[in-house]
Amino acid sequence: MAGSKARFEVADDARDHVSTLYSRTRDRSLHLVEGLAPEDLGLQSMEDASPAKWHLAHTSWFFEQFVLDRFVPDYRFVDERYLYLFNSYYVQAGARFSRPHRGLVSRPTVNEVLDYRHAVDAAIDDLLASASEEAFPEICELIELGCHHEMQHQELLLTDLLHAFSFNPTRPAFRAPEPLAVQSRAETLEWCAFEGGLVEIGHDGEGFAFDNEGPRHKVYLEPFDLAGRLVTNREWCAFMEDGGYERAPLWLSDGWAEREAQGWTAPLYWFEQDGEWWSFGLRGAQPVDPDAPVTHVSYYEADAFARWAGARLPREAEWEHAAETVAVDGNFLEGGHFRPRPALASGLSQMFGDVWQWTQSAYSPYPGFTPPEGAIGEYNGKFMVNQWVLRGASCATPRAHARASYRNFFHPHQRWQFAGLRLARDA
Amino acid sequence: MAGSKARFEVADDARDHVSTLYSRTRDRSLHLVEGLAPEDLGLQSMEDASPAKWHLAHTSWFFEQFVLDRFVPDYRFVDERYLYLFNSYYVQAGARFSRPHRGLVSRPTVNEVLDYRHAVDAAIDDLLASASEEAFPEICELIELGCHHEMQHQELLLTDLLHAFSFNPTRPAFRAPEPLAVQSRAETLEWCAFEGGLVEIGHDGEGFAFDNEGPRHKVYLEPFDLAGRLVTNREWCAFMEDGGYERAPLWLSDGWAEREAQGWTAPLYWFEQDGEWWSFGLRGAQPVDPDAPVTHVSYYEADAFARWAGARLPREAEWEHAAETVAVDGNFLEGGHFRPRPALASGLSQMFGDVWQWTQSAYSPYPGFTPPEGAIGEYNGKFMVNQWVLRGASCATPRAHARASYRNFFHPHQRWQFAGLRLARDA
Amino acid sequence: MAGSKARFEVADDARDHVSTLYSRTRDRSLHLVEGLAPEDLGLQSMEDASPAKWHLAHTSWFFEQFVLDRFVPDYRFVDERYLYLFNSYYVQAGARFSRPHRGLVSRPTVNEVLDYRHAVDAAIDDLLASASEEAFPEICELIELGCHHEMQHQELLLTDLLHAFSFNPTRPAFRAPEPLAVQSRAETLEWCAFEGGLVEIGHDGEGFAFDNEGPRHKVYLEPFDLAGRLVTNREWCAFMEDGGYERAPLWLSDGWAEREAQGWTAPLYWFEQDGEWWSFGLRGAQPVDPDAPVTHVSYYEADAFARWAGARLPREAEWEHAAETVAVDGNFLEGGHFRPRPALASGLSQMFGDVWQWTQSAYSPYPGFTPPEGAIGEYNGKFMVNQWVLRGASCATPRAHARASYRNFFHPHQRWQFAGLRLARDA
Amino acid sequence: MAGSKARFEVADDARDHVSTLYSRTRDRSLHLVEGLAPEDLGLQSMEDASPAKWHLAHTSWFFEQFVLDRFVPDYRFVDERYLYLFNSYYVQAGARFSRPHRGLVSRPTVNEVLDYRHAVDAAIDDLLASASEEAFPEICELIELGCHHEMQHQELLLTDLLHAFSFNPTRPAFRAPEPLAVQSRAETLEWCAFEGGLVEIGHDGEGFAFDNEGPRHKVYLEPFDLAGRLVTNREWCAFMEDGGYERAPLWLSDGWAEREAQGWTAPLYWFEQDGEWWSFGLRGAQPVDPDAPVTHVSYYEADAFARWAGARLPREAEWEHAAETVAVDGNFLEGGHFRPRPALASGLSQMFGDVWQWTQSAYSPYPGFTPPEGAIGEYNGKFMVNQWVLRGASCATPRAHARASYRNFFHPHQRWQFAGLRLARDA
């Protein structure tokens, strides 16, 4: 959130900006669950995932907890019980309901959660209309944070739902299947060279960013090359056919142990049918598209693939340094494809959208990083161990949520996100 | 099912009997889920329990699998996928969906399952109207079995739903609370004496029974006494106050290990509020009724209580021998109380209804027991190890499902059924 | 221990009897561990098993705890810390060291434990020489109990050691291999008929027995047949070749789940080598002897085999009723074979020795059973749930420990004992 | 091992150097186990730890596998079975015995393992005496690697033994207790300032180093301060008294979860006795020395402490940059204290010895890192995920094993090493 206050000094512009951001973000959440049954919205298939209904409620809780309760005099919570039910992990915001049991909360029902959303929306509208000039910058900052928070949950809502649907042998589709894209430049692989040296990375204070993206700071980089596009399913199949999943020396030790324990032989959601590889996705089960970027692979698999390919994963500083040279454009949630698509452009392409890109960097604090005081400071900082950084954005990321400095992070064994990879090598 | 064929020899009587039994049974299932949200019907809180929706579907699958597919020429299944989704444990009936993941099957939705039920009902109606005289007795026998099967699942639907609701901190009530009963003779405990000797137990061939209730056979019993009523919550509180949950010598070794591992200090669903014991039930959270029978206790707890009380649990043969002396009457599902109630009558009371009664008998085959051939033979026989027999019936058991020879069975650590106890002692 | 006091009324005879029993029993324990390394004696391969060194110490603790501390004025324990370290499960005798960590107790060393044994032996000798006439019968009774307790642990010492050795890929042999027996009548199977009726079982008060073997009581038996010998490895191989381990309908439901979870495809310790079945035993790895009784099978496997063979397991009352007709003779520990051997005699043979025989009876209290007061009452009674009765004795059982009324018991999934089976059928 | 070949060009010097290093290293291993019983040497208390006997054998296997088998013509392994038993994790060197079962291998016995060591020593002596000039540099390099490998295992032998002993309620001491040190400057905390900038870290090619310590490379550092000494037990007690183990906001999220799951309330091996904190160590149980450095803390605890103290853990580049300014001196294994001691000197002290120091750096490959080909390349590279770097050395580290560029690494939850911390802060 570095520098965000400055952005909201002119009140009317800020009001318009934040108000529009708020309504678009909130509407998008509702749009995503259109056409789903109440039964779908309650599913929780693992502790890492949450029901769609919970996402709808928790993102509203965020506004109540961090904005309305603080800035609306004598604010009365829509339902006191929701404070407990829909707090995720903010220990300084009070007790929380048990995470693995979120799928057992049939009440409030979906309709009651939608009522909750409407009530929060009305209160936020009122607050934006009536807030004092003094409080206004901070209110805007927090509402903006809440919107970006909700965008994160929009992506999670989709990946969590896909994970839950994957347990259903009838293979329900979130959206109707669409034909595979036909054009592609994916077969050839182009390398883009970077000189490195003493560069700067991190958020520079323009526009929104999470606290973990700053401060901007110096990093020394050796010269390196970055692949012009993401690794494709065709390349992944070559890895599989070459025994990629059976050759321990290609793998990190922890990765091999996980692969053995889980019996991995292909990316998550892949299955064989009549001798052909298919995958299950938000558009149901479809044959694997050879030119599309591979997705739903763990860090361990990405790392093993890179070793097999005689390359390596990029460091996050390399990735960000390169990403600053291209526009933030790509296959995002708004495109409505809900799955990664083949690269079309030449040069350094697919830096944003399609799939998140594993880096070889552990998720650690930047030099000088300090989280904000209070519960809001738990947003990012307390996860800075055991997770690895992913960069870019995916086909389930809202466009406004993508930027060069964005640091996504997951545990190296996790596969249910739209996570793939791009190769790098020493120059 | 011993002797059941004979009952259906006169076709018209049989048709009436079976047709009425079928429609009443099927209607009761629908009646039970009235007023519940689709969100409620999908909940599965542990592997032992299933979603209400699954119970509604599985009981229909039973009729398709064992009646319609066999007796309707060229029968077309309502949905082939349901054969896999809604088979419970009949390995000879084909592959089954993973039991612990039943709660992840949002599709078919509740409405689709209700459609499934209607289609099956229509097909059964047709079959009963058109079946050949030759096939008729067996059809009737199997439909009757399916109805009793559905009655079992009606009870499970309630206990599974209660278990799921118990995870919700808002404590949803299946039915609105009702005031506690006021009259009771529960405080005094009367013992009823039985002489024993060489007696007979087991189903005698009149009326419906499951295969595991026969054959009727001789058992030698020493003289014994049976308590005139069930153990009450007041008595259970005395056990607790006397350190019942903290004194290892009162417990079986496996029981103590389970108590330690689970941290049991009271029956399931009990909680303390302002220094008073409350319990959660189908009518929401209410103060524990001291005169009502204790329920939701494991075999281990029941056994420890009996030892503490200087008594023991009855053997199943003792119980059945005694039960043959009283009418099958009590607080059943149809009474609409949905919770155990205090004893009112004197003499040997509460033998049926209120709560199932743990016996000290392992669930084993009677001498001469042989299960039927084929998948239907998996109904009972394959569970004859590691489970303990409960007798009687509960406030969630349909009246038609209660009889002296009925052998219910659960693992000794399980507590989510309406299970309590009656004391016995050597004469 | 019913009636045991009467046996020790004539003091000098009793002294001789008990003194001889004591020294023979204690010597046998030492004899068993001759030739083993200190490294061997500390092994614990699972929670169910204990190190040989622990058995040597615990059996000494038993005499200190239940005899010396009670009858020797101002008795000083050899080492106070041993009270904690070597109590097994007697909660009324005080706190105990964690069972799964027994293998981590390198100190006391083997030599220190042997010193412990010698000190206890000397104290028992002194006590026998000096005990008052009044205390004498009870002292004798408890020493006799301690000896039978130690005999149980002699068998466990062997089965636990075998289990530990089985993890060592170099396959150490407890005793050098011996050639297979050549003579056998095992190929033919003879059935022995019994009329049943109202019979009596249970210890009758002559000679030593554990509390759980009484009281003697009436049981009604239908007519039945018992196989003349134990099931052989040849028969077991036929079961395996007929898909016995792959056909779910042959198995109890819990048994099939265990078989799936553990991947059982043969008895414990069997392995294939050059297309032939071998097994690992106390005499190292040897080819499976087709005529010898099968051993190291669980209750679940025994039950599945019996179903496959069109028979069933005997009930314990049937077995005991039949066993009262034959002499207590067979292949016991003293024979020094340390493995089951083929049947030689005709008629009802192998009732004792070779392998324990699974029955279909749950381990439950006999009518009128009451355990003694105090810690000693924990010996048997508190295990009367979840375990199944085995009858007979094995090649690792001391001869003096075998009798018709003996009730051995283990959980149905356990396989590391010398446990096999004999078939029964309804007449 | 970068640059190590150059060191061995002059044959006679190299022979002397390597021969001396070899005999000293091998002797030290034997010296460490003097006075221990065979029973002690077989203990394995968790999967992370190994029996002392295994360490003695595995370090010999290393020489057989990577030196003797390669350079001795027609080399015959001492025992072919040891190749399987004593390979640790080198998948390219063949199959391995199951790690969690190392404690179950009673055979070979301790004496047989000592024989194994002698045979390997003799073969290495022969090889050093007879190797061709051409092969000599590589032989020396590999023997040197094997010696440093053995030094690592000497430290592990001690920490693994301590862990095993900690399960024994009699608290065996590896060495007799010694009185606490009396002099100390630990109470005051001095900060040492460093300017940072574009610096170099990594092994520079002089002397032995593991592959993971290079290549030397540029890193940009912001100005920082480093504490002049390690965090003491007194400071740790202040953290505990201030609720350090009860305040979730001080902890990383994964750390708090681990603390909850494990019930941590103090460092490993601490226990309260009569209101005072004691700890168990290689010299048995002793009162906690307030001036000595805290040890046996996880990364999670170290990180929480630093946050509580308003500081942070150093980055590994900061630590190494600072360490290059001081001599490699301290409380090492050879000092014979076997426990951390209070700081005595002023300025930047305790950089080496006493306890390893957690850094906030994930264990990742340096830019340009490439492991050697073949099994030997598995030494370090395949562990470069999920582990965190520790720097310095401990009271259980051989002096020759300590250097500024050394990268030790463990998982953030592990506590059985001599691991403590030094504070850092932004300048």
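Residue numbering begins at 1 within each chain, and the chains themselves are lettered A, B, C and D in the order written.
As a convention for this text, a contact is a pair of C-beta atoms (placed from the backbone, for glycine too) under 8 Å apart; a residue touches a chain by one contact, two chains touch by 3 or more.
Here is each chain with its UniProt name: A, B, C, D = Ergothioneine biosynthesis protein EgtB.
Everything quoted here is computed from the prediction, not taken from an experiment.
Going chain by chain, each one touching the next, work out the least steps from chain B to chain C.
The fewest touching-chain steps linking chain B to chain C number 1.
Going by the stated contact rule, which chains contact chain A and chain B alike?
Under the touch definition, chain A and chain B have no mutual neighbours whatsoever.
Of the pairs A-B, A-D or C-D, which one shares over half of its contact pairs with B-C?
Having compared contact pairs by residue number, the answer is A-D.
Return the distance between the CA-based centres of chain A and chain C, expressed in whole Å.
Computed from C-alpha means, the inter-chain centre distance equals 60 Å.
If you average the CA atoms of chain C and of chain D, how far apart do the two points sit, in angstrom?
Inter-chain centre distance comes to 47 Å.
I'd like the Å distance between the centres of chain A and chain D, where a centre is the mean of that chain's Cα atoms.
The computed centroid separation for chain A versus chain D comes out at 38 Å.
Touching two or more other chains, which residues of chain B qualify?
Expected reply: no residues.
Going by the contact rule set out above, which residues of chain D touch chain C in the complex?
On the chain D side, the touching residues are 37-43, 45, 53, 81, 84-85, 97-98, 101, 103-110, 164-165, 167-170, 172.
Okay, in this complex, where on chain D does chain A touch?
89, 91-92, 198, 217-220, 222, 248-249, 251-256, 299-300, 303, 360-362, 364-365, 367-368, 378, 382-386, 388, 412, 426
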